[in-house]
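Read through the structures below before going on.
Look at the two complexes coming up: subunit A is in both, with subunit B in one and subunit C in the other.
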Partner chain A sequence: MQYKSQAVAKPYFIAAIGLFIGQILFGLVLGLQYVLGDFLFPAIPFNVARMVHTNLLIVWLLFGFMGAAYYLIPEEAETELFSPKLALALFWIFLVAGALTIVGYLTVPYATLAQLTGNDLLATMGREFLEQPLPTKLGIVVVALAFLFNITMTVLKGRKTSIALVLLLGLWGLAVFFLFSFYNPANIVVDKFFWWWVVHLWVEGVWELILGAMLAFVLIKVTGVDREVIEKWLYVIVTLTLITGIIGTGHHYFWIGTPEYWQWWGSIFSALEPIPFFAMTVFAFNMVNRRRREHPNKAAVLWALGTGVMAFLGAGIWGFLHTLAPVNYYTHGTQITAAHGHMAFYGAYVMVNLTMISYAMPLLRGRAANSNKAQVFEMWSFWLMTVAMVFITLFLTAAGILQVWLQRVSDSPVPFMVGQDQVALFYWMREWAGVAFLIGLIVYVISFFVKGEEKAA
Partner chain B sequence: MNEQNATAPQRAQGHRSDQPAPGQDLAVAAESLFLANLLLVPVLSFAVLFWLWRKHADAPPLARNHLKQTCYVSLWGGLILAVFTAAFLALGGLQWAWTWVLVIMYFTCVHSTLVICGMFGLARAMAGKPFRFPLIGPKLET
Partner chain C sequence: MPPDTTSATMSVAVRPSGPPNDASGARLPGDLAIWFFILAELLAFAVFFLAYAFARAGNVEMFNESQLTLDLNSGALNTVLLITGSWFVVLAVQAVKRDATRLGARWLAAGMACGFAFLVVKVFEYSAKFDADISLSTNTFYMFYISLTFFHFMHVVLGMVILAILLVKTRQGAYGSREHNALESGAAYWHMVDLLWIVLFPLVYVMR
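The block that comes next holds the complex of A and B.
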């Protein structure tokens, strides 16, 4: 660790991993509710479990991004963080607000929660992924702005590198697009139109910039390849991301009541969306092939390479699978979407956060890399979680194809719930793959406590 | 410096200098055409790849390695994709849900695997290093 203030990243990473565990536990609950409909009902209804699962994902990824920024920015800017105290205060505010929100979801009926939290003053709740009560949303804005102030001031007083600027662009974009969560027009078409400005322009827009910057930072450190080479790749990735991702939003506008031209724009541009992920994978492997040093942290290198491959598969291939309008006409809203969502989030954003944590945590704990034994545990967790996610995706894809046939292609289409019964076998297999994923996550957590001969920082 | 003149560690580890290795451009072209055959312009890309392979019989070892690998794997990969897909369709029929579950899953998985391998090959070519496709790639010449 080169700068003392980088230490503020540590609690962010620890909280991220804690919330990740919560997300997976609720994922397993949900998986069981798919096949045992009354499981944990009425204590945790399906809609609540789903909300907790997805909201925990978003929150822990945000914790990861913030931790990554607090670690990365001082090193890139070659100066201490503008205000480490502010960073720590924001950590506690965000953690407490997030925890209270989850407790609210689990203990108060959602409609009551809306009443209690002032949703009648400014109605923002009740929309997928944006279910947070108004005070939580306002809290997110305050935390995000204060966080951006802190890291922007750090960059302004220090060295300005491409990586830092791309990261800032991504993080500012994240904050700006979140403001659309406060816009909730009565017209459901307009509502959905702008809802995607948060959801799509986050994950297929500005988050990709954050991903690119984090990956580039780690690759510079672990490969020793010249910064100029890596920055050129980063420019290409950023350009491709923005060109394809922004108009690619149109793939969400096929059937919501928007003009038909979106079927063309959405199909063409989103068909190009795998290209930045393609570039990212070639970039990561090319840098490792051209490495000028053997970094002792092999686990971090593995996570970095895995990010490229899994992001390309999940976001690129599985996204393309159902993105063309004539295909999406049949597949829209089926388990094929769920398959894509799982692998894309894992491959792109979970893995890049774990890459960063894998690289930074040993340094934050005073060593260049963990012991070989600890790294073996971590690499086992990589393979367990990654292979489990591949199977989760394959089982959901199979369920989705069958679902499409049964409900939308067959000469005698069946109702939704009848179809669900017929794909239950795949849901069971998905659940077992989910258990394997949890085991991988447990091994990952254990790897932090495995002792052995560590490499000095 | 060609492969024959390289030191043993250089041969084992591939090219490391900032100068392109001999035959690197051709190696990159081979891997790019392999990927284009899978993703953009099937058949035509392979035709160009095959022509390059035949035309550059005495190209540097790096280029020959990538040309040979991509040509073989394009042929085998195409065969594996087409034969099994056709077999599933013929055996299951078009009107059976499970045919489509199997065909789409099979095609997506095998096609994606070939693409990912091509990306690994491209990254190796760009780094001036030889590459062998797993399982169906011909053995590397020593």
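The block that comes next holds the complex of A and C.
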């Protein structure tokens, strides 16, 4: 750790991992509810479990991004953070607000929560991923703005590198597009149209910039390859992302009431969306192959390579599978989407956060890398979680194909719930893969407590 | 893509540009990054062109009928304008490489003038179409006609922004016989805009 203020990243990373555990536990509950519909009912109904599972994911990824920014920005800007105190205060505000929101989801019926939190003043709730009560949404905006102020001021007073600028662009974009969560028109088509401006332009737009910047930072550190080379790659990736991703939003506009030309625009541009992810894979492997040093943190290198591969598979390939309008005509809103969602979020955003944590945490704890023994644990967790996620994705894909056939292709299509019963076998297998994922996560947490001979920072 | 070839080419990109360094003249003009960008753009348009061909095959009559309403004259005029603009930019790069930067700046301005004229012609063409109540939703042909020409229109605008930056920097004397990497990169982009139109015009306006 080169700058004292980088230490504020540590609580962010710890909170991220804590919420990650919560997300996975609710994922397992949810997976079981697919096959045992009344499991934990009425305490935790399906819709609540789903909301907690997805909201925890988003929140912990945001904790990870913020921690990453607090760690990365001082080192890139070559100056202490503008205000470490503000960073720490925001951490507690965000954590408490997030926890209260989850408690609200779990203890009060959603409609009551909406009443209690002033949804009648400005109705923003009730939409997938944007379920947060109004005060939480406002809190997110305040925290995001104060966070952006803090890191932007740091960059302004220090060195301005491409990595820092791309990261800032991504994070500012994240905040700006979140503002569309406050726009909730009565027309459901218009609502969905702009809802995707948050959801799609996050994960297939500005978050990719954050991902690229974080990956580039870690690769510079662990490979020692020239900054110029890495930054050039970063620019190429950013450009490819924006060319394909922005109009690629159109692939969400099929069959929801938008004009037909979106089928062409969406298909054509989103068909190219795998390209930036492929560039990221080539980038990661290329830089590691050309490394000028053997970094003692082997686990971080493994996570970085894994991010490249899994993001390409999950976001690129599994996205392409159902992105063309004629295909999506059959697959829209089926388990194929769930399969893609799982592997894309894991491969791109979970893994890049774990890459960053893997690289930064040992340094934050005063050593260049964890002991060999601890790294072996971490690498085991990498393989357990990654392979488990591959199986979750494959089982959901199988369930999805079967679902499409039963519900939409066969000569005698069956109703949704009848189809769900018939694909139950795949849901069971997905649940067991989920258990394997949890085991991987437990091994991951254990790796932080494994002692052994450590190299000094 | 074998990692080693890419790494070799990527390191070419970071080397400062200089005079052609080998007799065969195989030096890539401009920055490698701009070529990635150009290839990505060409790919996006190529997919669009393929989609056009695919859609047309399914409804040749409707495509032909709607195509007849397009203004061939303005399309042809625009082709001449873009090719001329490209030629001016070639002259600009050659002038700057001879250190005739003032002349180079003038050629760049001439290239921009061609681009501007293209945009003006296009705006007249669009307004005639919009007056005739033609929109993206009229039929699949017009969807392609408007989308393709509009995306291309935006590329002309971006190309002109790039040329404007190059013009200012050329006037400031930033480029010359020793340093012209950025100038070549921007010129390459401008030629791409031209190339796209040379495919787009016959495909959408002329070929039946």
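Note that the second predicted complex is superposed on the first by the 457 of 457 C-alpha atoms of A that agree within 3 Å, B and C clash if a C-alpha of one lies under 4 Å from a C-alpha of the other, contacts with A are read in each partner's own complex, and residues count from 1 in each chain.
Methods note: a contact is a pair of C-beta atoms (placed from the backbone, for glycine too) under 8 Å apart; a residue touches a chain by one contact, two chains touch by 3 or more.
Given the structure is predicted, the values throughout are model-derived calculations rather than measurements.
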Taking the superposition on A as described, I'd like to know which of subunit B and subunit C A:285 touches: first, second, both or neither. both
Once chain A of both complexes is superposed, is A:387 in touch with subunit B (first), subunit C (second), both, or neither? neither
Partner chain in contact with A:235 - subunit B first, subunit C second, else both or neither: second
The answer to whether subunit B or subunit C touches more of subunit A is C
Should A:146 be classified as contacting the first partner (subunit B), the second (subunit C), both, or neither? neither
Which of subunit B and subunit C A:259 touches, first, second, both or neither: second
Applying the touch criterion given at the start, work out whether A:175 contacts subunit B, subunit C, both or neither, answering first, second, both or neither. neither
Touching A:438, do we find subunit B (first), subunit C (second), both, or neither? neither
Applying the touch criterion given at the start, work out whether A:312 contacts subunit B, subunit C, both or neither, answering first, second, both or neither. first
Check whether A:429 is in contact with subunit B, with subunit C, with both or with neither, and answer first, second, both or neither. neither
Starting from the residues of subunit A touching subunit B, keep only those that also touch subunit C in the other complex, and list them. 282, 285-286, 289-290
Report the residues of subunit A in contact with subunit B in the complex, numbered from low to high. 278, 281-282, 285-286, 289-290, 309, 312-313, 317, 321, 394, 397-398, 401-402, 405-406, 410
In the complex formed with subunit C, which residues of subunit A make contact? 226, 228-229, 232-233, 235-236, 239-240, 243-244, 259-261, 264-265, 267-269, 271-272, 275, 282, 285-286, 289-290
Tell me, which parts of subunit B touch subunit A in their complex? 14, 16, 97-98, 100-101, 104-105, 108-109, 112, 115-116, 119-120, 122-124, 126-127, 129
Along subunit C, where are the residues that touch subunit A in the complex? 1, 3-4, 6-7, 10-11, 13-14, 32-33, 36-37, 40-41, 43-44, 47-48, 51, 55, 136-137, 143-144, 147
